[in-house]
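Next, two complexes with subunit A in common: one pairs it with subunit B, the other with subunit C.
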Partner chain A sequence: MKKILLVISVIALSIGLFAACAKSTPDTATNTSGNQQKDSQQKDTEDQSSSSEKQKITVWAWDPNFNIAIMNEAASIYEAAHDNVEFEIVEMAKADVEQKLHTTLASKMTEGLPDIVLIEDYNSQKYLQSYPGSFADLTDKLNYNDFAPYKVELMTVDSKIYGIPFDSGVTGFFYRSDILAEAGYGAEDLNNITWDRLIEIGKDVKAKTGKAIISFDKSDGGLMRIMLNSSGLWYFDAEGNITVSNNEALKEAMETYKKILDADIIIPTAGWNEWVGAFNNGDAASVISGCWITGSVKAATDQSGKWAAAPVPRLNYTESKNASNLGGSSWYILDAAQNKDLAIDFMNEVFGGNVDFYQTILTNNGAVASYLPAIKGSAYSAADEFFGGQAVFADMGKWMNEIPSINYGLYTYEADSAIMANLEDYLSGSKTVEDALKDAEAQLKSQIQ
Partner chain B sequence: MLAPLIFFDYLTQSIIDWGIIMERKLKKYGLIFIAVAMILLALFMFYPVLYSFYLSLTSTKLGKTDFVWFANYKRILTDPLFWTSLKNTFVILLIQVPVMLFLALILATILNDKSIKFRGFFRTALFLPAVTSLIAYTILFKMLFSYTGLLNTTLMRINLISEPIEWMSNPITAKAVLIIAMIWRWTGYNMVFYLSGMQNISEDIYEAASIDGASKIKSFFMITLPLLKPMILFTTIMSTIGTLQLFDEPMNLSQGGVTAATIGPSNSLLTLSVYIYNLSFKYVPNFGYGATVAYVIVILIGILTLIQFRVGATDDEKEARKLKKQNRREKRRA
Partner chain C sequence: MKGKISIPRIFIYLFLIVASFLSIFPFFWMTTGMTNSAVDIVRGKMTFGTMFFENIRILFSEYDMALVLFNSIKVTGLTVVLCLLICSMAAYGFVMYKSKITQRLYALTMLTMMIPFAALMIPLFQIIVQFKLLNSHFALIITGASSVFIIFFFRQSFVTYPFEIIQAARVDGAGEFRIFFKIFAPSMKSTFFAAAIYAFMTSWNSYMWPLIVLQTNDKRTTTLLISYLSSAYVPQYGVIMTAIVISTLPIIIIFFAFQKQFVQGMLGSLKA
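Here is the complex of A and B:
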């Protein structure tokens, strides 16, 4: 009796295992709108019965409050105009999107892929060049003159353009006008300044008000990227050669990091939450970052009217401008996508032509687009009460046009890691800036062989 | 990677045991039943293990995969980031594992004393960290040790320090935070192993020892420790394997930077497993080179486990090994 039971249970178990394998539904990702999920399930069953069914566009992205919300908005606009289309917008963590995309593309399976995927700009060249032919060539499909040139540059490989430029990471110097006024600085004193000037102001502010000028994470490469991008230089030149030890702007950026630390004008933080917390609770008088930070700035509603925005500081390096970029991402269409042409049409119609859509997402989500005609829209010119009536988004649109175009190349993360690891040794005084740059270059070379 | 191997060993052993019992009667059926498990094992265990070794002999660059023989293993020798991650992993291993196991042993000894009140409560309290999620406790420790965190605030209130300590911005203190967090998480877990081991030691031995005039400390060193040897060996091996594969904690302690370029300040929290992740998913993907680093971990775990088995062997086992060697030598002579 016992044996029979054992045999039965083993069989049952193995059947269960096989069934579980066969039925594999790898998507653990959550569908953003419950209704859509229900709809699509219904549609799935209908699909089997009749073939003249709705075509589905699948999208992968991260951040429910930003990218996902915006994509939902775009989808509803397109769905309203086209009967036979529906969307499945899949929300995943950013790391998960990247991981899934990597593994699926590397396995050369096209089945699990979405039609449209969001890729961070620092990563775009990596995907485009690592998986040639996997993304749809859109050179003739979109009017790229309508988009910010620096964004288009990032998605170009061999003069073919692959993506749909999305949100801009145009940077600004967002400051507490009340604190800086207390120290005697008006808007004019903060317009188009250099980093050195910022440090002087920071010392003055600290002496007069006791407040730190910024919250600062010294192992974070954000400011480094801002400084580099404003100079039109990167860790690599346009041909992809390493430009680290001979990079004037990079050297000055590292020295500026040290100056900022030595001046004792900052609140040291580790990680995003502390960094945001420091300016939200009024300990730091300003924040220098991409425009997407305004969402977090505005989270401190009690500070409404006490903020203002100025162009980002520049380096002393002669080519450096008071305009830069940090972060931002773009949409890409998979070449093997089932509904590739439909996806292109959708992108063209909404992201490449609907100015009103861009006003909506600016108002609702604070998304500064890289679609230039949108910047002339009403939402952009509106005065922002939080920033004391300043039309910050119109200003950002102006700055965006001045961002120097650079090609991030394939190895931004490798370079970042090499530089930030050696920067630490320079900051602690165990290496000179020249040695730190040399070591970083050596590490980078070994990483990208 | 080794944990499944150990499990597999156990599995084959039980299959063999079972097989011997059933041999005569159910040989045919036995094979059929084994087949199911074996096919699954082959598909999901052997194949990936072998394939990842094949992968470690290839190198991918820009969509092209080349078979490069052992070039990846050569590359590892001159890869500064690999050596950084190896060094970090070993520093964490050499500090965290002994401290944790020592603490676990002391706590287990204390809680094994029947005269202590609320033993059940303390046991549960000490074991509870082991059920928290890895991510949750890491984030909690990150908050505790932040610049304006609870620890800094407390230390300032009681005037031990005049300025907050930048725990997570300094390579040494960042590593210390990681080690402290891991000790908090895993001590209770190991303590339970020791407790169960101690409960198998007969009270009579302690009684006899105390009649002979042995102090508590003496009987701890002369009775408890030797009799716990297999358990200590087991926990040492498991902790070594766990630490060599350390991933969640450093990843989460360092994550959340605005751009998070390095894993901890100056890459001080970069462990081998995190490096594998970076090679495969963060950097320009080179799964081949990532697999090579993974195989280095396997080799390291193998070597360390072997050493620990040798060191932790009982006197009988040592004697047996000596005899075996002697026999072999004599055979060669003859």
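Here is the complex of A and C:
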């Protein structure tokens, strides 16, 4: 027993010592060199000192193969053109970026803040309105006419624009062309359809091939948000008032959920993995989601050439279009950032002006840009073998321009959960759709006020 | 009696089989997942695949798992040592020097357990920034060095210690530190082991505080890396599973190595 104790304490001590040494040596080294640099700089003239020291742009983002990889690409382009810049791209989970940003902004400690941060579009208004003055006003710094209008709208507060629009969540109806052809449906039959028509097709496909038309998680609000966004309505109006119980499109979306379930044309799934698994396995004949889902679709390489894409179905609601959005995120620059002007210049040069960069990230990462000049580029018009030679990304670029502009307001996720909680009662038949919406509105009101 | 099958026994075994399946299954899934590609995992493949070395390669070359693991071991190791030292001495003080003031102090210390971490987070962050400890492992170690629960745990076990032994040592001229390290602590080994395992788990799994304090990729701990990997739009499940297995191993090893002491410590150190 004594031996064990001895061994443990020796290990612990050696870790401590090792750690202390490993840490202290480079630290003191950088400190002394930093001091020397400062000393010599004081002797030097002003402009010499600024050119000798590298300025660092710190970025917070999530997803190793998407946002981080893209930011690395953008950073290397900018570093190649400018000598005195380096990047610190901090890799975090999405929820972690949000948590960290909230805590740091709330603590008013600007030392901990990055220069650039990625924020999901549904949450952008929450940050912009909860922490006024924390984000840099870029209204005159970028040419916003070059970006998809719906993206610019969601980062606008009091006619001031705050962010740099990044990836689009333009939606598509991605389907297995082989399965639908077996049931007798070609590309023309699936172009610009309504949800009701999709349900009819789904019944037919089920009868003829035995396959479900989509995998469907009834507790996921994604499809609901797609339907709403296609109608130009949201859970809130432009002034931020709740529009739940008096929302025509929302009512129809709820009814459509029920119709889809009652028609018995789906694979019920719970959670993301099952949902993706269903079309990766070939059990579901299509998926309706944001363009970023193509990454997961293409992961099943054995299904190459068997897919195609059509515009997302629309509601019967008169304003509804065959174009919508799900998700997507944008970059924001912190007003208190140490290198704010440099960060703005970087964003302007790469994200607001480099068409080739956007071709690279589409090819490498499948990122559909909301920078409109990029969509005319070569990578967008290239035929995609996985989608049977269709130029899917050029098509998505066309749909993107049609997406109705909405101000998402502050509480998209709160509204979403209030509605999904009451949707369950409507689907099971214990509430009418009107009652479910009224209850959801009451629940939402009590939650956010 | 041996070999007899009775109906209650069948039910007991049935229940145990189900229970052990439920607890072993996640580990099984984790280990098979480690050897498969992301698509296979999503498709529900449950058998061992061939992707193990590929997953390990990605984890160690692209995400620098070795450094992350070292960070975690360093922070946890130092926290555990410091935490055991500080908490055991605090508890010793509370037990051996009983007075109205120390009892009030003890009650006050216990009360702080009621404050949730979320309420402390922002002020604590401000303190750390002002001490210029942002983005340092020391900020994690110093905040983890005292745990009210472990003080409580030590105290509960220390009160059973025969006070006469301490008095005898004092009479023989031993100083208080000598009594603590030479006489008291060695006979409380199992309690220390149990507290060590608890402190290890808390520090190893801590997530929110490292997230807020650490600012660069080269400082992050295993929990932050796993969280980062899982939030991808197209998650690399094989790599995530590998990272989870690697970061679970130390806990499993420590628990199995000190299982006996852990159970003893939970029951109380001294046998009457």
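As a convention for this text, the second predicted complex is superposed on the first by the 397 of 449 C-alpha atoms of A that agree within 3 Å, B and C clash if a C-alpha of one lies under 4 Å from a C-alpha of the other, contacts with A are read in each partner's own complex, and residues count from 1 in each chain.
The rule we apply is simple: contacts are C-beta pairs under 8 Å (C-beta built on N, C-alpha and C of every residue); 3 or more make two chains touch, one makes a residue touch a chain.
Model, not experiment: these values are computed from the prediction.
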Touching partner for A:Trp62 - first (subunit B), second (subunit C), both, neither
second
A:Pro132 contacts which: subunit B (first), subunit C (second), both, neither?
first
Could you say whether A:Ser430 touches subunit B, subunit C, both of them, or neither, answering first, second, both or neither?
neither
When the two structures are overlaid on chain A, which partner does A:Asn273 contact: first (subunit B), second (subunit C), both, or neither?
both
For A:Gly222 in the superposed arrangement: first (subunit B), second (subunit C), both or neither?
first
After superposition on the shared chain, which partner residues are touched by A:Ser378: those of subunit B (first), subunit C (second), both, or neither?
neither
One more residue to check, A:Asn143. First (subunit B), second (subunit C), both or neither?
neither
Thinking of the overlay built on chain A, is A:Ala300 touched by subunit B (first), by subunit C (second), by both, or by neither?
second
Quick check for you: in the superposed arrangement, does A:Asn246 touch first (subunit B), second (subunit C), both or neither?
neither
Do subunit B and subunit C touch any of the same residues on subunit A, and if so, which?
95, 99, 106, 273, 277
Parts of subunit A lying in touch with subunit C, wherever the complex brings them together:
1, 5, 9, 11-13, 15-16, 19, 23, 58, 62-66, 88-96, 99-100, 103-104, 106-107, 109, 111-112, 273, 276-277, 280-281, 292, 295-296, 299-300
Looking at the complex, which residues from subunit A come into contact with subunit B?
7, 10, 14, 17, 95, 98-99, 102, 106, 126, 129-132, 217-222, 225, 267-275, 277, 289, 327, 410-411, 413-414, 416-417, 419-421, 424-425, 442-443, 446-449
Given the complex, residues on subunit B that touch subunit A span 29, 33, 36-37, 40, 60, 62-63, 75, 78-81, 84, 142, 146-148, 166-169, 171, 255-262, 264-267, 278, 280-285, 287
Looking at the complex, which residues from subunit C come into contact with subunit A?
38-39, 41-44, 62-63, 73-74, 77-78, 80-81, 121-122, 125-126, 129, 134, 137, 189, 208, 211-212, 215-217, 220, 224, 227-234, 236
